[in-house]
Amino acid sequence: MHHLEIVDLKASYGDLPVLEQISLTVDKGEIVCLIGPSGSGKSTLFRVLMGLLPPAVGEVRLDGQAIDYGNKKAVRAIRDRFAIVFQQYNLFQNMTVLQNVTVAPVKVKKSKAAEVEREAKELLAKVGLADKLKSYPDELSGGQQQRVAIARALALRPEILLLDEVTSALDPELVNEVLDAIRLLAAEGMTMFIVSHEMGFVREVSSKVVFMADGRVVEVGSPNQIFDNPREVRTREFVGKILRH
Amino acid sequence: MFARIIEEAPTFFTYYNGLLLMEAMAATFMLSAVGCVIGFGAGFFLAVARRTTSLGLLPLRVSTFGFVEAFRRIPFLVTLMLVFFIFEIVKIDISLFSVALISVCLIATAFIAEIIRGGLESVHQTQWDTAAAMNFSLAQTLIYVIMPQAWKIILPPVFSFFILFIKDTALASQIGVVELTYAGKILNNKGFSAALVFGSILVLYFVISYPLARFGVWMESRLASSRNR
Amino acid sequence: MDYVFQFGQVVDYLPYLVGGAWLSLQIAFLAFCGGMVIGLFGAMAKTFGGPVLRGTANAYVTFLTNTPQLVQIYFLFFALPDAGILMSPYQAVLLGMTLNAGAYLTEIQRAGFETVHRNEMEAAETLGMNLWQRVRYVILPHIARVLFPPLSNQYILMTLGTSMAAIFGVEELTGRAFNVNAETFRAIEVFSLTAGIYIVVTLVATVILGLLGRFLFRAKMRMI
């Protein structure tokens, strides 16, 4: 049984269909990377998973159990098990780094403050920001902010970590520090579902690569297979274009 | 005319008249201040209501939209008359000041709801999404994330509106509320020269409004600079 | 509540009320035009004038924008006769509104003046243009587009502001509403209908001005 299974998912923004017929699986410990041209619906898929956009048709199953996105309690339960990091504007500007990481566990999950704080400091040390606990987001670089966002997501102890183009908005020299943090998590066996444009990184870190275009899954395979031997024409076109530079 | 003003000045600037004018100034100030505070509370509720997305709450969103768009386009005098006559017809006995206050609240709510809505929208959507994804309730999202960021955008225009409305309260004189303009009419009817009376009233309005306006400018510059830390 | 709504009676007066709305628009327009002239001189005084001109303009703007239009009109209405100047209520209201508008329009135009880059002004100066020519040929065309939205908005606010003319007996929309109320005693119906007319008129005016702006300048206008 797959940990996460997406079956024939369809979703629209109002009248505009964005996801057409998405079927995917993610297993425990797997790192699945979604690649594809802009507008292919990758970020939308994540929004649906987190309950931010209702699916029109189809099913999402966690441990075999279908999630009812129409039911508020079910959605809250899902948000306890996934955590997401967006492309930018993740951190709460009015809180310090430490407060950002501890606010959800304390206020929402109602965990004990002392323990949450201890764990938060560990996570921030893990991403290399132990010295920035009292800083505010606008005092940090983009790369530092994204690392805090990752630590904050981890503080929620998710089963699956969703990373939505977390380096796309960063200046090139800041990308690597974030990728390093993700590599660390990969090595520790964290299940991750990643949307990224960093093809070298995708190739290095994924267990499975999914190529999406026009709201559909075009091809699924191992990194080597997708990048060196794509079966579909569309995939070949995309890979050809991006690998040329 | 000026000779007459100088002649009347001593009998005009008396303790009793001063008292009347002080009380009237207080009424003017309170009408706007209390109206805006209540307007902020109600306006906040309306602004948040506008952001709901569920289909079931569509009537709420539509009526909120309707209320805000309507009351921003009706002159205060007309609103005043409507409220005044509604209370008369329904035979509820409330003070004239309350009628005026309710009118102020209605209009303040409409204008401030728009201001707050703009403030809420100024906070990037990702902040809302992140809070939702972490299972923050709407109240928690507003209290811990959104309002701490949005208040700096919201407060200056709201304060501005408050000062602006002090001038509109002059219309409450038409239903007999003893605010500053009505006090002017009283004194004018007593026989004092109009130039003296209304000139003084204008000065008193200025005395209320101008310092507040300067304070507002100072506050805005403080908030703007702290935003670009 | 044993009040029976009788809109029928009041609806008969609809043409009369709409006529009042038309008058409201006209009064606002006249005051706006007068105010624009004052505003132009005021903006020029504030931007280019020496200390005396600047001070006068500042005092004028500061005083009139911090005091109620109603009391300004009361002042003119009651005090001018004492000084020997006799005016009809309509004239007093129009004068009051014009002077009041002048203050706000000074500020709007001044803001526009300040957006004109110093270089353009200096270039014009070196071409031998005097101040008036510079304003006319360099500044005004440049800022007309930028100022169209706030000026349109001000006009609409002024249309709503004409409502207080009713207090002085002028028969614009609100004044006529008072008349209808006096005749029919159907206060809620009359004033609701009047409110509705104000909403419709301002919405239509907003749309028309928006289209005009887009046509003339490709300027986008926000609704008030």
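Each chain carries a letter (A, B and C) given by its place in the written order, and its residues are counted from 1.
Throughout what follows, a contact is a pair of C-beta atoms (placed from the backbone, for glycine too) under 8 Å apart; a residue touches a chain by one contact, two chains touch by 3 or more.
Note that this is a predicted model, so its numbers are computed, not measured.
The greatest number of inter-chain C-beta pairs in contact is found between B-C. Nearest to the global CA centroid, when each chain is reduced to the mean of its CA atoms, is chain B. Per-chain CA centroids place chain A at a distance of 55 Å from chain C. With centres defined as mean CA coordinates, chain C is found 21 Å away from chain B.
Look at where the CA atoms of chain A average out and do the same for chain B: the two points lie 46 Å apart. Contact residues of chain C toward chain B in the complex are 1, 3, 62-63, 66-72, 74-75, 77-79, 82-84, 160-161, 163-164, 166-167, 174, 177, 187-188, 191-192, 194-195, 198-199, 202-203, 224.
Interface of chain B with chain A (complex): residues 124-127, 129-136, 140, 144-145, 148-149, 229. Of all residues in chain B, only 1, 4, 69-70, 72-79, 81-82, 85-86, 88-90, 166-171, 173-174, 180-181, 184-185, 188, 193-195, 197-199, 201-202, 205-206, 209-210, 213 touch chain C in the complex they form.
Residues 47, 50-52, 76, 79-80, 82-84, 86-90, 92-95, 103-104, 107-109, 136, 138-139, 156 of chain A touch chain B in their complex.
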